[in-house]
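Shared chain: chain A. Partners: chain B in the first complex, chain C in the second.
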Partner chain A sequence: MSLLQASPGRLGGRPAEAPARHKPSWRARWNAWAPGYLLVLPAVLLIALMMVYPVVQTVYFSVNKVQLPSFRTTFVGLDNFARILSNPDTWPLVQRTLIWVVGIVVCRIALGLAAAMVFNARVPGIVWLRVLVILPWTIPSVVGANLWRWIFQTDSGVLNQTLRSWGLESWALNWLGHPDTAMMAVIIAYTWAGYPFVMLLILARMQGIPQELYEAARIDGANAWQQFRYITLPSLKAVLLVALILEIVSGLNSFDTLVIMTGGGPAKATQIWGLEIYKTAFTAFNLGGASALSVLMFIAVLVMFVFYGAANKAAQRQRKEVA
Partner chain B sequence: MTVLDADGPGSPSMSAASRSRRRAWRTGFYRSGIVSLALVFVAFSVLPLAWGISTALKEKEAVYAFPPVWIPSPITFENFIAVFNNAALFQSFLNTLIIATCTTVIALVVGVLGAYGFSRYRFPGRDTLLWSLLFTKLFPRVVVIVPFFVTLRNLDMMNTYQGLILVYLMAIFPVAIWMLKGFFDNIPVEIEEAAVVDGCSLPQLLWLIVIPMSKPALAAVAMYSFIIAWNEFLFALVFTNGLSKRPLSVALAFFIDENGIRWGELMAASAVMSLPALIVFSIAQKALVRGLSEGAVKG
Partner chain C sequence: MDDPFRHDRRQVLGGMLAAGLAAAAPGSLAAQTKPRGTVTIWVGSWWAPQVPITQKLWEADYPDVKLAFEPLPINGYLDKFTTAALGGTPPDVIDLDSTWVSTVAAKGLLQKLDDVAAKLDVSDISQAVWLAGRFKDAQYAIPARGGPEVYYYNKTVFDRAGVPYPTAGWTHDDLLQIAQKLTIKGEQYGIGVPADASDPSNVLSLFCPILWHFGGDFLTKDNKAPAINTPASVKAITYWSDFYVKYGVAPEGTPNFSTTRDLMPLFEANKLGLISSSSNTFDALLQKPNVKWGAVLSPDKINRAGGWTMGVPVGAKNPDAAKLFLAWLCRPEIQAQVMNRFPASLKARKLPPWNASKWDIFVEAEPFARSVPAVAGWFEMQTALITNLQKVLVKQLSPQQAADAAAAEIKKIIAENA
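Entry: the complex of A and B
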């Protein structure tokens, strides 16, 4: 199997053959590439099956009417999109999705940054407290969602029972059952589950900021706020951007918490775009409509991805400069 | 802070002793401030969990007690016993275990091969493939449930272990490749070159040299894959029906019977489900943060 025979010239990412006087033949070049292709073949197959094909399928379905169970398709052009755009429920859906995404992104990053600053302090015993703070991030999302559903229970949840025992009867609301409070309640639960991750992300970067910078700033008479504003924050710019994008995607992606805590209710108060896709596809069995919704969301994520790539590059550059 | 900074170093009248006393007081003040802030975060993180554990250890009547009781008395394990004797839950537990283990093994194989290929070889299309891998990582799962549904129907894999493993892989293998590639990039290539000169073939190279050298990275990837597969909910919900292949996550999400939700048992089952995740996270926290945030992107 000459195919499987690796040779030192090809290892280490050097150009296959040293600057040749004449162009290497196709055969020689293919021989140089073959082991690489062979190794990545399983990954390529998975990408084709689980990414390229789904995208093509989704786009195809989005311009068709799909009949179940035979999956017979009838071309309808942009009908599915037109129906989404003309649906009076669509704009509120967009609003709810935005409120949800902005809500969890702001809460998670604000809490994560604050926690990172607290836990970055050199105080004895803080490492042990940090282990406790991370716990919510480690438990499965299904468990976290059930936990909060139990806490927010109207009749017997610990939140309302505590409020009642303090004599604050009127504060004991139907948290998950009322459209006005449901969104806030799920945002709290989702923030709880995710802010430790943001904290760890920021903390890892913070610990890479050279201590000398702070010492020099102190000698120059900078106070705590100035040190934060002119040293900490600029060093965290890249990692904050990565966190921002990851959390936006996570917000758009979130499904478990919402389905378990509210199921998108009450009266669609917590129904966001992703849930709408799921329900259109698997409760209304409108695969064409669900695909059109997917395509629209896909475009939004694609835009995010472009930013993510840029942010990732910037983060790397910064790490190299500092290191 | 400014109040404390005002009487900074060197008021000449201050004696050395009083200055050091002042500094000690200041450190003490600073420390207690930090610790109390830290305790606020700890309370936010831990109180909900503590309430869940407390519920799991309570007798049926005590679960709804008013005012709420945080420390159960007497402590009972009847909820845990009920969970372990629940045949349907045990089946779900087994399903999750089988699916998570198989997904992890396959993700490791695909990951090692792919990462080594991307790390050591240059070929046309390499960069495109790497970027599309990174993109699959951010791919929203809700967007792909419809096409996956169609694919699994066509492959006749609905409600099977193979089907679930296949869709779970999609969420895992890109990160596996990125994490391992980052690791391989940092292994000096000279050892492999020497082995090739000695007549080592590619499979031998991987099996005898690369894999033994990358055990820590493989362990991190294995734990990452296992946890993602263990916790997965959306795909499990859409691609299973009935109890036979239903994983634990779906079972717990719809833990309800004609008498409503038995919160004590649900919390006990949740504790059991959280245990593997808790163990893995405590071992491999750093690797997981890296994997989730950037796929250990290098060069």
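Entry: the complex of A and C
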């Protein structure tokens, strides 16, 4: 019997003539599904190995002291976590990470939405303009970060030179050299590099919104704001949620822009959780501590997405009830 | 495990060669062990122009072994190496700043090179950089580049401010006064103060001599406790940070500036009067005919012993050929031709092009050079110190507070590495 014949209705074969009134036995169901499972098993194993092994390894390291270069471990229980939580630098680190993530998520989504609305216009040459605006996203992050580093140079940077030439001397700040402005400067650079992706996501969805909805709204006397508020925004809800998740993950994982522009400085002003993990692992060579930091971040992200999932389900239920 | 060098020694003792031919040993060794394959070598970006000549000279001696150089930028250089080493894909040879060796060796990422060292004429190698390659009585790295730190001055900046050029014998008081006279806010600054933790060696190039001049130090003499918060050390931190905080003679953006990436472009653009650096900068400036510059011994002569040393990482795929390369590079006639920075070999310095009078300044500076402590966890210690120094520059902490915070962190690092 071929595999295809053995997997009725699942792999393209004809549906089995199963008894309609009786629930199929465990054996019958196994016979029906087993070939399919067998076919996908190698891929599932590979993916599980790739996803699960590093997580397990990280959790294991987090409760151990790891000796280099042999990676020999000594169990220390929750000592690595206790050190992190009792470190006076941890709370400021959390604050900076939150500021960074919220900053880049808000800026990228706001700018992406605004750009999508502008480039959704149907005017001649708009395709070329769209290509142009996507360029920052295509530039390697190392190049982009160095570019912004030069722009923000205090004495000779383009930004301050321009501000000074306009007579705005007091606006020409020490962007990357002062803790109060360094985070903002890096957020701007990171937003610039990533907003075209958000724009593309939103633009793709916007072009799928039926024009009839807007025509009907206009006939009903809706102004531009009302059209945006009651047609565009609700239609974009799903894609905005996707963008939100992707940008949160991107923010937490961000590394190269921060390293190149500030290295986490000055005075740790731009050192976020991900950078701390890297420095703990590869500057302090403390793999146990770095793993504990990673586990804490993993838990925080997990909790956040559990809340997000619950909120999303509640919203769907509410929509169904309204409908 | 068979040690190729021990095997070689037996043959030497067997009567093939006379004892005392240490300098010639690399060549004879190669002939007997027939090394093959490729040696991957990670070096700083300044090596790039020297790669073809190095490969050419090497191939003439060892045609069966290929040298694959990978020149890397200095920012994040050590991070790249440690990431690769811990990931199990290190190069066969890693070029290390002399201040990094103890940290990397303490973590077990470098192989001992006592077998290579035994074959070398150590008296021919600059002692400061040779000792920097030692950790716990074992040799972990072989120096190729020596060179104390000197000060470079930009003649255009000096001329514009009408200030005479500094001369040997100047003091730290003179340095401050000159930096103040040179500074025309927004146009040009007196001195470059590197403070970026991603390029710590250059931060120390300026900071160390100041620290030592004022009688301070990083650790106590037995290396068992921090000394960075003693009154003398705090005085040094105050002097160093006042360039930026009090007198404004260092450029805006200083807390985030590194020498190569930020200060050199300002120096070359005639916006910066003085920088402290090694022979690295000497060669870089020779390539810039439009920049009018000079070099002078450090104020009060005291300086940090710079230098780069080459190690063989644990996990190197071709360690025997790598060791052969290190021994080959120590030959004075090879080092003289291959290096584009001040060589570590004293004999190489007497060969062209290093015997030209322009290089004399490094020979004069060397007796006054000191090294940072070669202790486990040094890299962490200097990161802790630089982070706290940055806090002084951005006025988050006073020099005393920063010194105390750094001392507390250093104490913890010492305990963890004990």
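Miscellaneous remarks
The criterion applied here is as follows: the second predicted complex is superposed on the first by the 249 of 323 C-alpha atoms of A that agree within 3 Å, B and C clash if a C-alpha of one lies under 4 Å from a C-alpha of the other, contacts with A are read in each partner's own complex, and residues count from 1 in each chain.
Here, a contact is a pair of C-beta atoms (placed from the backbone, for glycine too) under 8 Å apart; a residue touches a chain by one contact, two chains touch by 3 or more.
Not measured: the values here are computed from a predicted model.
When the two structures are aligned on the shared chain, A:267 is found in touch with chain C, with no touch to chain B. Touch criterion met: A:223 reaches chain B, while chain C stays clear of it. Here chain B and chain C are compared by how many residues of chain A each touches, and B touches more. In the superposed model, A:259 makes contact with both chain B and chain C. By the touch criterion stated above, A:140 is placed in contact with chain B alone, chain C being left untouched. Legend: residue contacts after superposition of the two complexes on their common chain; A:283 is shown touching chain C, with no touch to chain B. In the superposition on chain A, contact of A:179 is made with chain C only, not with chain B. After overlaying the two complexes on the shared chain, residue contacts for A:204 are found with chain B alone; chain C is out of touch.
Within the superposed three-chain model, A:156 lies in touch with chain B and with chain C [touch as defined at top]. Once the two complexes are laid over each other on the shared chain, residue contacts for A:306 go to neither chain B nor chain C. Overlap of the chain B and chain C interfaces on chain A: residues 156, 259-260, 278, 281-282, 287.
Chain contact summary for the complex, chain A toward chain B: residues 1, 4-8, 10-13, 15-16, 32-33, 35-44, 46-47, 49-51, 53-55, 57-58, 61, 71, 111, 114-115, 118-119, 121, 123-126, 129-143, 145-148, 150-151, 156, 158, 161-162, 164-165, 192, 196-197, 200-201, 204, 223-225, 242-243, 246, 249, 252-253, 255-256, 259-260, 273-275, 277-278, 281-282, 287, 290-291, 294, 297-298, 301, 304-305, 308-309, 312, 315-316. For chain A in complex with chain C, the touching residues are 67-70, 153-156, 174-179, 182, 259-260, 262-269, 278-279, 281-285, 287. Here chain C touches chain A in the complex through residues 75-76, 79, 82-83, 85-86, 103, 107-109, 186, 195-198, 251-257, 262, 266, 269, 271, 314-315, 379-380, 383, 387, 390-391, 393-394, 396, going by the rule given at the top.
Those residues of chain B whose C-beta lies close enough to touch chain A in the complex are 1-2, 5, 30-31, 34-35, 37-39, 41-42, 44-46, 48-49, 51-52, 55, 63-64, 66-68, 109-110, 113-114, 116-124, 126, 129, 131-136, 138-151, 153, 166-167, 169-170, 173, 177, 189, 192-193, 196-197, 200-203, 205, 230-231, 233-234, 237-238, 249, 252-253, 255, 263, 266-267, 270, 273-274, 277-278, 281-282, 285-286, 289, 292-294, 297-298.
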